[in-house]
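Okay, got some structures for you below.
Both complexes below contain subunit A, partnered by subunit B and then by subunit C.
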Partner chain A sequence: MKKNYGSIYTLPMAFWVTLFFLVPVLIVFLYSFLERGEHGGVVWIFSLNAYRDMLSPTFIHILGITLFISLLSTALTLLIALPCGYYMARSRRKSLYLFLIIIPFLTNFLIRIYAWQAILGNSGFLNNLLMRLGLIDNYIQFLYNEWAVIIVLVYSYLPYAILPLYSTIEKFDFSLLEAARDLGASHPASILRVMIPNIRSGIISAVLFTFIPTFGAYAVPKLVGGGRNSFMLGNLIADEILVNRNWPFASATSILITLVTTAAMGLYVFANKSAARAAQRKRI
Partner chain B sequence: MKGSEVRIEGIDKHFGDFHALKNVGVDIQKGEFFSLLGPSGCGKTTLLRIIAGFETPSAGIVYVDGRNILPLPPNRRQVNTIFQNYALFPHLTVFENVAFALRLKKYGKQEINSKVEEYLNLTKLTGQEYKKPAQLSGGQKQRVAIARALVNEPDVLLLDEPLSALDAKLRQHMLIELDMIHDKIGITFIYVTHDQQEALSVSDHIAVMNEGRIVQVGNPTEIYESPADIFVANFIGEANLFNGTVTAVEGEMVWVAVEPLGILKVTMEPGDLEGTRDFKPGRRVSITVRPEKINISLEKPADLPADAFNFFPCAVDEVIYNGFQSKFFVTIPDFARFTLKVFKQHMSYYSTGSEINWKDKAWIWWKADDAYLVEVHDA
Partner chain C sequence: MKKSRFSRIVFFLTLIFLFMPLIVLVVYAFNESKNMSWTGFSLVWFQRLFTASRSIWRAFWNSILIALSSAATATAIGTLGAIGINWYSFKLKKYVQTISLLPLILPEIIIGVSMLIFFVGAGLHLGLLRIYIAHTTFNLPFVLLVLMSRLDEFDFSIIEAARDLGAREHQTLLKVIIPMAMPGIISAFLIAVTMSLEDFVITSFVSGPGSSTLPVHIYSMIRTGVSPVVNALSVVLLGGTAGLVFLMRPFFKYITHE
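Now for the complex of A and B:
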């Protein structure tokens, strides 16, 4: 009999995941059911106060804003990333474009957000340009609102959407589009009925890679957002920890973000499984 | 006759510096099985893609039933294509693949079901409706591609090397099936292939293409028996070629001096010596003799009229036994640079005459009738 050491080889990974993912999530989960301490921290008494606070109109407003910003950013990112991925996959200079996509990652995320402040600021690049062209007389307030947040979020997560789309479109057999055209489909119809279903996994990855980080965004709304309509859940968590010292509420909000993003992942898995099941049913 | 007639006039196509099609013109009749035959890179697929609408020619016009179709996008042409790699939609089942065009045309559910069923029946795919293309064998994929194209009831069906991905046996089988489908539905088939066997066995007419030009158009017998030039003679079937100079013409008989063999006799078909084919004495020509037209035996054949036959002694270099036939590679003394191919069909299990072996000295001969002259175009 040969001994199977397979499970031993997975131990380092299991240890890593437990220590740096499972334990922290469990701590946060636990904290969300405790009483808040007076100066931060928690008091070890079971309580549902944190979750009860979620019913307040303020929290629901923040949740709505977060959903609005992250869903709109995801949709816009996808709309821009699809043609970009398509163009890259069909181009002869694929590696050049891939390199250009990677370049922003060589600069720190925060510095790139500050660069957007320089572009969108009241005496920034864009306002200066528009004034010189004589299109406006006075500066326009681009920064510190939800639209600035959306623009910078789209910019930040665009590469994460383009890359999976590019890799699935590159594997797509473009003669299928010709076949669709041949069978009577117009150009848009051939894309919609043949290309989109065949690059579905790339689209779903792009959506997840954009939606998950934008739903938990913190730095972007903090630096280019402002006012009630760009204050997102990520900012709420930071404020609850640092300013209001309400750790259980911050933890509960964290758990909510985790649940929503897990649900998004689950939907993806479910969609795949149900498609497979539907195919199975039809075969019988 | 159903289907459409297709007229191709003066088609030119450039891809950058590459001149893919050079003034190509051909008439394809209503309902015929027409083949575009040529080696890879000869432009046959480009011509097919122009008819389908995937390429725009640099010059020229394509008429279908007298109407210029070039301004129409591919989806508005009454032409359907069977692609070389089949291009089946991997996300759709066999049924959905075939129903694709009907659904685009917003047919009713009943009509879609009955039409798809009809064409799945025609292509013997009943029972495979709910499989995905990935679950099908090569031959089945081919059938789906045929059903998917035919369900539109096109006027012209374009086939782009449809059998090249199948193994030899299946290829034969599918070819016969394609021919039967053509007989049944009677529309015009334009069939692109590099396989001369395929083209010869099913086509009504064949256009042989080389380097962007149509070299010869004719029915399979004409293409095989009377090749227009050396390229066609070599490309279609196998051929032994002798280059020489015409020394005399008398009636249908042409004498050609081939160095250092001597004089070869060739009988031309009545009418072949007129018109564009010019075989005056002094003209450089090439003689084509098909290997299966050459006889071989150990003894010198007696009582053959010397003015109607060419015969030579030879040495057998190689014998290749192929079951239904044997191939002999022989060298004529003093003509060693040239190895002749001789095929001998085995008509029965009992061989007539003595067996010919490797290194034997033998005699070969062929009728002056069975050779064919082509002009040599000096470059």
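Now for the complex of A and C:
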């Protein structure tokens, strides 16, 4: 009796995600092993050309740039988010601060990128300000390079890192820090060796929430990046689909991103499990 | 209090970092000149937004239509799915649960590309229909997560009681489960509407020419450079969001207190 109802309840959802998510992803997987068609699409001949193309210096360079930008953005985001989460968790105005962190994100993602274009552009706010102050005579090009991409990525994903850190730090028992200091640890040492290990799960969530979307970034490098050093894997996929019409190569690159993302997620689950096991051992 | 001075400085600098772009955006919406140097107060960009920007408003209504319809579909399917996963055991349960949450962890571009390839292969050319399907798909995991945690909170014995008292399955669903899950259903719907209004990457891949949502349209405006009409639009959107949040306070109270 029970068994039947369970399948009936989940049937529409199972049907929907199978048809519109699993099947498309499987098609992409399949396409990555086929020959490219002349005007987009594929020819049904088995081929490893798409994966062989990944060994080209151009691709390696794009992969390196993508890793550089996403890892550096993730590290910067974490460095900013940790003290923020700490301060918010210790303050008496928690809900006000939470609200303030979330407010900027009530505006559309593209409008936030646009705001940075307006600030960093050649005739933008910052250049105007610097010129009016007499600090520079001619504009400085802030936009259209890898650093602009990193700034906007950090800006875009900062709250996603602050929120999980805040919620784990809030649960942290701060008397442990006092105990460490009573036992002679300096303030930085007590933070590094007592607090950080205890809020590991929050740190891992923050890293994942920033690394996964920045590794697959597309819109930010497209709008504020430029040149060879901010062309990321996401832009490569779009170009291969829409411009070069090399669908198998776009598919293979998508599969690579999917594998990296899934591996990161797997590490997260593994780390959480081992953290839970360690906690259990301590309790015994 | 000396000990948290460093974190306090970082936190307030971060707030400046987060708010500065928005403040610049809003201030320059009232600037007379097209450039980012201040020449005087003016409402000319708002006038242009409301009188000479029909394509923006067409995209806006597309966005609203897609957001409401895809959020409604995702909420309906996802609520039933959460009920099935939480309270029943059945064949392929692990499969359904995993596959329904997976779109959450993949970068948007992967979902966009795979859906585009799928739609082209399936010969589906209607832009709005494609966007509706894509949005429903990426909204499902959020609905499922919200509803599953909501259903976890309440007591299964209430449902058993309804059954013992002779309620049929559909009566239990309509008169017990859904009313109890209503705060969760409403918040899932609101999250889905927000995600849909916000999405750019997936939409830009699946939408064909002629059918754009507001973010896709904004993209086409800002790709060519700074345009103060976008500033005016963002002021209107910010005001609209703030107004909606204000109007929906009773709903939020209902969701959080229940």
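Worth pointing out:
Following the convention adopted for this analysis, the second predicted complex is superposed on the first by the 249 of 284 C-alpha atoms of A that agree within 3 Å, B and C clash if a C-alpha of one lies under 4 Å from a C-alpha of the other, contacts with A are read in each partner's own complex, and residues count from 1 in each chain.
Quick note on the criterion: a residue touches a chain if its C-beta (ideal position, glycine included) is under 8 Å from a C-beta of that chain, and two chains touch if they have at least 3 such contacts.
A quick note: this is a predicted structure, and the numbers were derived from the prediction, not measured.
In the superposition on chain A, contact of A:175 is made with subunit B only, not with subunit C. By the touch criterion stated above, A:186 is placed in contact with subunit B alone, subunit C being left untouched. In the superposition on chain A, contact of A:254 is made with subunit C only, not with subunit B.
Within the superposed three-chain model, A:194 lies in touch with subunit B and out of touch with subunit C [touch as defined at top]. In the superposed model, A:111 makes contact with subunit C only, not with subunit B.
Taking subunit B and subunit C in turn and counting the residues of subunit A each one touches, the greater count comes from C.
Residue contacts after overlaying the shared chain place A:145 against neither subunit B nor subunit C. When both complexes are overlaid on chain A, the residue A:49 reaches neither subunit B nor subunit C. Subunit A residues 187 lie at the interface with subunit B in one structure and with subunit C in the other. Taken together, the subunit A residues at the contact with subunit B in this complex read 173, 175-176, 178-187, 189, 193-194, 197-198, 200, 279, 282-283. Per the touch definition, subunit A reaches subunit C in the complex via residues 2-10, 12-14, 16-18, 20-25, 27-28, 31, 41, 80, 83-84, 86-88, 90, 97, 100-101, 103-104, 106-119, 121, 123-125, 128, 155, 158-159, 187, 212-213, 215-219, 223, 234, 237-238, 241, 247, 250-251, 254, 257-258, 261-262, 265. Contact residues on subunit B toward subunit A in their complex (touch as defined above): 52-54, 73-75, 79-81, 83, 85, 87-91, 93, 100-101, 104-105, 130-132, 148-149, 152. Considering their complex, residues 3-4, 6-8, 10-11, 14-15, 17-22, 24-25, 28, 35-37, 76-78, 80-81, 83-85, 87-93, 95-96, 99-100, 102-103, 105-111, 113-118, 120-121, 133-134, 136-137, 140, 144, 169, 197-198, 200-201, 205, 214-215, 218-219, 222-223, 225-226, 230-231, 233-234, 237-238, 241-242, 245 of subunit C touch subunit A.
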